[in-house]
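Here chain A shows up in two complexes: once beside chain B, once beside chain C.
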Partner chain A sequence: MLKRSATLAMHAPSQGTGGAPKLAPGALMKIAVPVVATVAALLVGLLIIASTGSSVTEAMLAFWDGMAGSGYNVGASINRAISLGFVGLGFIFANRANLTNVGGEGQIAIGGMFATAMALHGAASLPFGLAFVLPLLVGTLAGALWGGLAGVLKSSRGTNEVISTLLLTFIALPVVYWSVESVRLLRKPLTEVSSLPESAEIADPTKLPMLFPNDPTSPLHIGLVLFVIAVVAVWVVLKHSAFGLKLRAVGLNELASRRAGIRTGRLIVASMAIAGGLGGLAGAIMIQGQNYYLTNEFSSGYGFDGLVVGLLSRGSPLGVVVGALLFGFLRSGSIAMEITAHVPAAVVLICQGLIVIAVAGSTWLIDRKASK
Partner chain B sequence: MTEDQLAVFIGSGLRLAMPIVLAGTGELLSQRAGVLNLSLDGMMLTSAFAAALASWLTKSPMVGLMVGVMASLALAYFQAVLSVTLRANQLVVGIGFNILALGATTFLYREIFGPLSRDTIPGFGKVNVPWLSDIPVLGPALFQQTGLAYLALALVVVTWALLKFTSFGLAVRAVGDDPRAADQAGINVTRTRYLGVLYSGALAGLGGAFMSVADSNTFTEGMTKGAGYLAITAVIFGGWSPWKTLGACLLFGFATALQFLVPAMKLDVPVAVLLMLPYVLALFAVAGFVGTNRQPAALTLAFRRGG
Partner chain C sequence: MALLELAGVAKRFGAVLALDDINLDVARGEVHCLLGENGAGKSTLCNLIFGVHRPDGGRISFDGKPFSPSGPIDALRQGIAMVHQHFSLVGTMTVVENLMMGRARRVLEPREVIARMQRLADEYQLEIDPWRIVRELSVGERQRVEIIKCLLGDPQLLVLDEPTAVLPPEEVESFLTVCRRVADSGRGVILVTHKLAEIATVADRTSVLRHGRVVETVAMEGADMRRLVCSMIGHDIHTGDGVLAATLGLADAPAADADAIAQAAAHSRRGRDGGPPALLLKGVTYRDANGVTRLDDVSLTVHSHEIVGIAGVEGNGQSELGAILAGLADASSGQITVDGTDLTGAAPKDITACGVGIVPEDRHAVACVTALSIAENLCLGATERYSRFGLLDRGAMSKATAALMREFDVRASGPDAPMSSLSGGNQQKAVLARELSLSPLKFLLAAQPTRGLDVSAVEAVYSRIQAARDRGLGVLLISSELNELIAVSDRVAVMYRGRIVGEMAATAANREAIGAMMSGHSHA
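Coming up: the complex of A and B.
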């Protein structure tokens, strides 16, 4: 197995290690396209705000305040970025094998639901921090199974993963709704005071430890550390491991890879499972780090935002970090803008749509440069 | 189940299926030409909004319908430019358009209708088919629909005939299966694919407008609720055949209508199960566990002349 991947390595496009630092053909475009698209889309967003007759300055002030107006807001924006970042990392992982995982939202939902179930039933009394680690693991595993299912369908039945992950999302959301609607599942016991369809609050030991326990205003938790670890891990696996190389080979030419002895089916399942697992972990972190109880539609919007982040990063984990921070702050800002300045947060959706279209529509620019 | 409930169930099942039938039938042609138009949902939403707005402004649902279809066609044209001419990833472009349409319609709705969202929009009345609508139970359910519903069924027949009996249909099938060979045989691949996408845009526009000016007489944010995705799966479910696609669309419509029937019958089935039912069916369908599928060989693949 190792020997085979070594032969593959010789044919794989070189990563340009050593020698004078020289950009690969098309590398400049790779960075320029998403940056230009993002800047242009944000300008369009500003124009739209201006066209509504509301004060752009007022909207921007509200936007800034929501993004970074206080230590708490900065922390909340970063927490949001972490969730998007995990989904984005999952996206680029599967995308390395030329798979498009658009099921981030369903994977978050399933992961969050199972993490809640574990935290409420069984994990709370465990020692040595297992109380919060176990729900994280269970959430990750659940997401991995949910994503892996799309991989199995792809490798065994040839089902297009875009369609299957979308459908799995549309199935996952009612499942979460069901779990918080039914007292026999995760809904908290009905009392006279409260009958909201949500789970009970998870116990303190199952919540993620705070990064700055002495600063009660900081919402940052160890999810940030986990995210940094995940970024490094994904980078190492994709760039410097036989597994990453095989993924790349399958992505470039599945038939040739199979002929070269790579078990492509297993690889497809594994990459979708890892993508789903990262989504599930994001869901678990959202519940255990911030929300503390399961609600219907807690995952709303995170899947597509994460997808856009992954798309913009063009396969680079560092790009995911930048994109996740951008959208994490944008989202927080847009919510504040809607509340304070009465400018609909949908403006941000418009910008995101434009970015996706622009980036997808300019791949020919990059391909042309790269094939020269 | 009482007779009334049965009549309501059949009537609402058909009514809910119609937007999916329209969008699905258009999508069928586009996919047969090799373009998976994933922005169907965005097109429907755009048309639903544009139709509602125009109908509200002019007090004419017919104008609304036409404006809705034109808005959807404009979106389809951009989709074709990106996915056919620029050879962008069809699926990613589709998702982009869906996000854009959701954002734009939500934004415009709040800006324009915000304070007067309770207003009903002038919509189409129901057409009673003489004699037939007097049949007990089935009559009112089947033959008291809006004109658009009958148009939808007519368009299924038109699309079937178009694919089967016309040179355009032959070109569409050739382009979807082997664009290179079609090109060598003198068929204009780009033009055929543009027409396919535009056709699906027009029908998705009708489907979206159906939702706002023929069915509910109102617009709500994100009102398609994934109907476009259902239409796409119906095409795959239906094995790229017009009649089976129609069957799949009707199945989805009736599965959705169950959400209203089951509580009315006081059955103890969780709503969530009914909500996910169409998608579970669709998943089984796309996984090939139901029916035999042979997809157009060049589906989602861009064509580059001489490349």
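Coming up: the complex of A and C.
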């Protein structure tokens, strides 16, 4: 946003004062508009549900129950939000350098795959919690390499990172499929009772510790703590570090940054690697925190939803938290609606899309009001 | 009756009143000069007349009728044509193709356009080969194409924005002849400029614009040019100030030539006394991505205590030379040495570390990140100095920046003001502050450092550069403003088509010879 207003100021016909301070729109409006828009989108969604012949009340009840009907469901929603949040954080990190990382899905896949491999082969017997830390690190590193690859292509060959990260995703997903299809890779040994293409379950020490071990109904694990740390770290780096300033400078004007002595190529690789690393960590947390074994398409779109979270957050880590929670709860509700109320999956997706448009539209509206 | 008449016209952008109560009239057969500094409102006024902006108040009448065009196309249709400072031609197409653009209906008929071109050529001395590719034309020829493009529509009023800024000295004369002839054919001509002297011979009247107001309109016959220029900048200029006078085009070069020669000699003697030269270029050649040779075997020495000017019409390799010295492009061959250190192919960071200050020619694209604050811009290359454990010490940044801003007279609301909120002059002073405060500092490249600046800022920039020279710095000054160059430099090298075609002392006596070399006519 800063960039846009600055460009406007540059084109303003007369230089000087820089314009009077703009009136901030009421804080009430900032909250009210997205809420009203979301409710409106839900109402439209309900109309569509009604038109498909499903019971609207049943669908609504299922939706609510899935989101927050029980302690377990709330926890599951938060766990979903964590995965989305990591990808969203990665997105805003790269976006600060004006790079658009759309490869979250692939980075999750690669991170989850390597975390599984580490957990199954070697980490389980390690002491001092290394059993679960090491797979997390390996997953992060794998995601970082996967994302960094797009950075290298960008800085050395000028390849557009939107295309390269997307294509890398198209490589990553089949690689995961291959790894769970081949017994020589991660597929669990074929027996008579189970022949599904998936890995064996990872051992208990490699699973993420529960946040409330005394409450067996809570699915929350320490991924939540890691996420909070990551949010604070990303905020500090973007806002207060020299690295963050350089990222911003490169994002705003690469040529001027290069002239000022910033090694822009390294910076581009680093920011893509960090974005990929956060995606990889999301994948590792999904495997070690909840799924416990690797399956084909275990991410099922978290990378792309996380991208939307990042886009809607408009560069703010706090915005990522809000967006991730919104999408995490929505996803839980949608799944429940699909399963218990038998609303077609496509309709659920349409409702999600409507909500995205509502939120994006209302932020745009607030922006426009603010700039007038 | 006046052809164009503006009465009480005003235009505001947000809180800024760009034009205030403008009264102006242009008659048929008149060349009317619009004189004003950058930011005085000249461009806004032109855009109002050409229909780009709409006035917020007042009346405009054209040819006796109220005039309120809905946009440039409407203005063109009603008989007003404009040549912008930056030409709007397609470089890869021929002249006649460019002329047909926007005019052709269904079947392209170049013959008719060529016939009309011929008539215009006869009438106005606007000779040009219709089949040449625009990219291969000189700037003066391109300007001619732009004027032909306007005249094909048979306009009643022709508006020319800073038309002489892009021309080599010797092409100005023929341009002025064209203007006169266009006016004599019963049309009105508006010439926008901040350099009165160049076009004084052709203008009938001059309106002086200052801070968005027309301060006065005078007939040029018998007018006192110095007084007009003072009226433009709003204060008296000191008679002894050679640089300022040269900037305004009032004087050809510093008053005392003998002194200048002696001074230049003294400077270069001091420089040669010992130690390696500040900058040494040996056979630097640069071919661009298309294999076109942009710099051809450039060899040049800049000693310490010396300002060497590079004169030349824009586009003769100066930008490429600047980019190579800044580390943004790599020379295809040749060697670059600064103070004895080989910097051929070095990265910008290493070049800076070696004590090379760079004032790039493009302030917005290269010199600074306009969306960042002044402090962030000044500290961007030295974040290690202003951070602890990777975290920025914003207090220290602001403090250091505030000190530099005081020293270099950068006027802004504070060190945290975004660079984009500064005027061009203050932006340039900030860039200069950053580059001149490097430590060590051995050599400074200043590329078009005064482009787009108003007079007082020009003065400030050059006095800083000269002060740094006096303290021992070697400076390479690239500028397309020959008068400024001669006034500020000790020695001038002339670039033409990527080569250094001559070098001479920067004196008024050499002005004509330098001008001739710039046009590629005589090789010294």
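Criterion: the second predicted complex is superposed on the first by the 297 of 372 C-alpha atoms of A that agree within 3 Å, B and C clash if a C-alpha of one lies under 4 Å from a C-alpha of the other, contacts with A are read in each partner's own complex, and residues count from 1 in each chain.
Quick note on the criterion: a residue touches a chain if its C-beta (ideal position, glycine included) is under 8 Å from a C-beta of that chain, and two chains touch if they have at least 3 such contacts.
What you see is a predicted model, and the numbers here were worked out from it, not measured in a lab.
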| item | value |
| --- | --- |
| First, second, both or neither for A:Leu84, with chain B first and chain C second | neither |
| First (chain B), second (chain C), both or neither touched by A:Leu220 | neither |
| First, second, both or neither for A:Thr52, with chain B first and chain C second | first |
| Which of chain B and chain C A:Ala256 touches, first, second, both or neither | second |
| Partner chain in contact with A:Val347 - chain B first, chain C second, else both or neither | first |
| Contacts of A:Met286 with chain B and chain C, given as first, second, both or neither | neither |
| Touching partner for A:Ala242 - first (chain B), second (chain C), both, neither | second |
| Comparing the two partners chain B and chain C, which touches a greater set of residues in chain A | B |
| Doubly contacted residues of chain A, that is, touched by chain B and again by chain C | none |
| Contacting residues of chain A [partner chain C, same complex] | 2-3, 6-7, 9-10, 12-20, 236, 240-246, 248-249, 252-253, 255-263 |
| Residues of chain B that touch chain A when the two form their complex | 38, 82, 86-89, 91-93, 95-104, 106-107, 110-111, 226, 229, 232-233, 236, 270-273, 275-276, 279-280, 282-283, 286-289, 300 |
| Chain A residues within the chain B interface of the complex | 48, 52, 100, 102, 153, 157-160, 162-164, 166-168, 170-171, 174-175, 177-178, 181-182, 304, 307-308, 311, 344, 346-357, 360-364 |
| Chain A partner contacts - residues on chain C that touch it in the complex | 13-16, 18, 39, 41, 43-44, 212, 326-328, 347-349, 352-353, 358, 360, 364-372, 376-377, 380-384, 386-387, 390-392, 413, 417-418, 420-424 |
